[in-house]
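In the two complexes that follow, chain A is the common piece, with chain B as its partner first and chain C second.
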Partner chain A sequence: MSQKSFIESTLRGFTEAFSKALISEQAASLPGLLQCFDPRVRVVGVLALAVSVVLCRKLAVIAVMMGVTILLAITSHLSIWSIARRVWLVVLGFTGLIALPAVFIIPGRRIVLLPGLHLSISAPGLRSAAMLVLRVETAATLTTALVLCTPWVHILKALRALRMPTEIVTMLAMTHRYVFLLIETANQMFESRQSRMVGKLSGRDQRMVIARTAGVLLSKSVELSHEVYLAMLSRCFDGEVRVLTDFRLRALDYLGLTGFACAAWLAIWMGR
Partner chain B sequence: MTETSVPAFVVDGISFDYEGIPAIRGLSLRIDQGERVALLGANGSGKSTLLRILDGLCFPTTGSVNFAGNPLTLENLQRNGDALTFRRQVALVFQNPDVQLFNPTVFDEVAYGPLQLRWRKEDILRRVNETLSLMGISHLKERPPYRLSGGEKKRVALASVLVLDPNVILLDEPTATLDPRSQSQLIDLIQEWKGTAKTVVTATHQLDIVEDIADRIFVLEAGTVIASGTPSQILSDQSLLLRANLVHAHRHSHGNIVHTHPHSHDKREQ
Partner chain C sequence: MIPLISLFAAFSFVVMMFNVPLPGGTTGHAVGVTVAAIVLGPSGSILAVSIALTIQALFFGDGGVTTLGANSFNMAIVGSLVAYGVYRLIAGQSEVRARRRALAAAIAGYVSINVAALFTAFELGIQPTLFHDASGVPLYAPYPLHVAIPAMMIGHLTFAGLAEAVISAGMVSYLQSSDIGLLRGIGDFAGVPTAGKSVDSVPLVRLWWIVGFMMLCTPLGILAAGTAWGEWSSADLANPTTQARIEAESGNHAPPSSVPAGLQKLSAVWTAPFPGYAPRFVKSTTFGYVLSAMFGVGLFVLGAMLTTRITRSSHKQEPRP
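Let's look at the complex of A and B:
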């Protein structure tokens, strides 16, 4: 791996994080399907769909739910290409790795025999792995759609309205608020390092640079979190999330809630 | 300010340390209501820590602090009613604006304090818009704070405090990171508070602004007050400024004689 590719790709990653955040802010203000519902309806609806997908035992039904999710994303003006890159590929990588052994371990009708490896892919194994991956893909897509279509403070307020403990909501709020500052700090640290580097570093040294930066960043984040808490306290923070927007359920929200509930119930019933 | 009125702050022999490293040592001072005070000191002299103690964010290990005649203690601030009353009256602008800006947009940032104080929605909207306009940042209201320049962040941080219209304003290095124009606008604003009921406590090491922003100065060194007086008294005492590391001895030679004299970087033309 070249010197530029390693450190510069880290820098590029930070820049991308910023632009993703901007895309998220833009999507939340678009007049899409998810955006037209009250944030509480969105949170409950997405949660219900995600739970139904997890409880579903039939691959075909999970696939239909994935289709519904994609439709929901499209009608909410989200870029499917962007979701594919940001969610599907990542989930496929992680969950695929976990699901892979099942393809070979679960006994059943053999589909393919891998020559020279004494391993065979069984039909039940393949179905189990596909179900796991598709379940996670659908649930991750649903939550991504929720986060992209809802301003973060509205999600937090909705969670509080749904009786989520204050401590958890506060932790979520702080994490989201300061992730950008930490990204910016990390970016500056890498840029500063980059500006003082002459010649090429070995792969080992580059990994050391990244590890040291991560260590310093962790120390800084601990200090920063304390400072931020003091600043919030100074401006009357009492653990409650308050926003200017008043949440009011309209007829459309009740309709949406019914729609989400029906879809979730149907998925559980048909996939039992 | 009359002699009989209750002082804003009475600090009596306080000490504070950060994990064994002393930051404040036996510090005492009194700040009257409506007074404009500067805490003048070099880096590490304890200015920021003192401001945090005055804002009830940390509490001294020894000594006591009274605000408006009442003890400023953790126990008192843990009572919701007392905390709200105190926070409504006292506001701190942090040295690093990044720690103070944690909302998705500038508008939300400025509205954060009033929302926490449970103001009426109409009042919040009106007051936030007025404050944004006063600070000349109305055009930034939809922008996320983390995408602003250093000077813009500082203005937003100031606006987020001024919107509450507190009686006591604590400013930690308010002109740091501001360009000269923004600096003078801020100084103008502090000057406008002269003669009003507002108590303004500014921590700074900039000698060139203290005459404009303060009627009284406390000079801090190693966590304690080493002198206090009017700006003209303090600024004319070169040995005091030298001791407090606010000026340095400039050394140069006249022929074969090495000559030293105190030297500061005052931006104003003499």
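Let's look at the complex of A and C:
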């Protein structure tokens, strides 16, 4: 590992987080199928589909649900290429790696014998691995589609409308807001460190840099929390959280909700 | 409380993105649960890390929505409680600036991440037994415990645990030299004045009423006849009538004809003071149930009071500036 790579890879992670947030904001404003529904319908509908995929016990039904999800993404004007890079490849790399040994170690009817390796692929092993990967791919694509098509503020409003406690919704909203502030702060700290770095740092020094940066960030976070609290008090915060909820369900939303409910019920019933 | 937890959740989220250089030239990611537990206390840490995981799953699509509960349980609840317990145990009554504190943070970080990983491995490892189709093919995680535990633990015992240990010890060392106030803990949120009415008193009274009501309801257990499936004693397995019932309840799979030797041996190790929720000196079954419930709740209250006393006395040893 080169001496700067830990800083560069951390900076790359920050940039990816920013770009994910920007892509989300852009896609949410497009006139697609998911975007035309009320945010509450989107949240409930997509989560119902994700749960139905998780409960599904048949590979063919999960594959059909994956097809439905792709169709949903296309009609919502989401870039399939972007989803493939952002979700499918990542899930395949992570879950696929976990599922791969199952192909060989689950006993059952042998379908392929790998020459020279003394390993055989079993039919139950292949089915089990395929179910695991396809299920995670479908559920992750559904969640990503929801996140890309719905601004974060609307997701929070929908959660509040669905009776999630106001304290939790407020904490989620504030955390989301300050995540980006802290990422920016950490980004600046790492950039300034990198610009001043001359020569090679030993492993011990590298660890010290990371720990101290995290320490400074922690002190800043606590300081900021006090300032935010004082700002809340100055705006007459009395411990009660008030959220504006002005969503109205139209006929189209009821239609969408029925469609999501039917698809989820069908998936559970056919995949049982 | 809300801004403090929110900022800490944001901090946990950002720290999870840090690449921690590890001995051997590789890097790992820390969770930040140990520092959160040390500074906020276990309850604050549980909330902050859960919120960070929720943001990760809901906004960034990482970690999964349907697994959010399991992730929060393993990383936020188990991680925070283990980290706090190990840190308090090793740090003891030592001076806030003592090197022992940094060592305690490192060990707490290493142990908490590995215990959280062990819980995850266990949850994954029992899935093939619980969820499989008629031909025995696993429907969810495909590996049994003897595969899931080593597979999960190897990575955590080496890289992930080490990353958490490095970041926890490094941060505690940094805070010892530059912001020692945070190491004295803001777990009781003493630094943040609360507005309006007390948020603790009302729910606590309500909780006591609920506990009392539940205790009075315990005799409802008498209505359920027989023994719960799998909770058979050696006497149940030796009784032909109970054996026939077990066979009927187990899909016509006959239980062993004699009591397994291991079960017989272990059943003699410990005799419960209130066997079957019925103390021997009480004739009424209903009263026995209520008495058992009162005894059980009393033990929990006593345990909680002792823990609070120990924690408070260790806090008093560390005067604020």
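Here, the second predicted complex is superposed on the first by the 201 of 272 C-alpha atoms of A that agree within 3 Å, B and C clash if a C-alpha of one lies under 4 Å from a C-alpha of the other, contacts with A are read in each partner's own complex, and residues count from 1 in each chain.
Heads up, the rule we're going with is that contacts are C-beta pairs under 8 Å (C-beta built on N, C-alpha and C of every residue); 3 or more make two chains touch, one makes a residue touch a chain.
Keep in mind that what you see is a predicted model, and the values were worked out from it rather than measured.
By the document's definition of touching, both partners, chain B and chain C, reach A:233. After overlaying the two complexes on the shared chain, residue contacts for A:178 are found with chain B and with chain C alike.
Of the two partner chains, chain C is the only one that A:147 touches; chain B does not reach it. Of the two partner chains, chain C is the only one that A:203 touches; chain B does not reach it.
Once the two complexes are overlaid on the shared chain, A:170 sits against chain C while remaining clear of chain B. Residue contacts after overlaying the shared chain place A:88 against neither chain B nor chain C.
Look at A:104: by the touch rule set out above, it reaches neither chain B nor chain C. Contacts of A:224 after superposition on the shared chain: both chain B and chain C are touched. Taking chain A as the reference chain, the count of touched residues is higher for C when chain B and chain C are set side by side. In the superposition on chain A, chain A positions 21, 152, 174, 178, 181, 224, 228, 232-233, 237-238, 240 are in contact with chain B in one complex as well as with chain C in the other.
Looking at the complex, you find that chain C touches chain A at residues 2-11, 13-15, 17-23, 25-27, 32, 35, 39, 47, 51-52, 54-55, 57-61, 64-66, 133, 135-143, 147, 166-167, 169-171, 173-175, 178-179, 182, 186, 191-192, 194-197, 199. Those residues of chain B that touch chain A in the complex are listed here as 52, 55, 57-58, 80, 83-84, 87-88, 91-92, 94, 96, 98-100, 102-104, 108, 111-113, 115-118, 121, 124-125, 144, 146, 160-161, 164.
On chain A, the positions that touch chain C within their shared complex are 1, 5-7, 9-10, 13-14, 17, 20-21, 24, 47, 50-51, 54, 57, 86-87, 99, 101-102, 105-106, 108, 124-125, 127-129, 131-132, 135-136, 139-140, 143-144, 147, 152, 155, 167-168, 170-172, 174-176, 178-179, 181-183, 186, 203, 206-208, 210-219, 221-222, 224-226, 228-229, 232-233, 237-241. The part of chain A that touches chain B in the complex is made up of residues 21, 25, 151-153, 173-174, 177-178, 180-181, 184, 224, 227-228, 230-238, 240, 242-244, 246.
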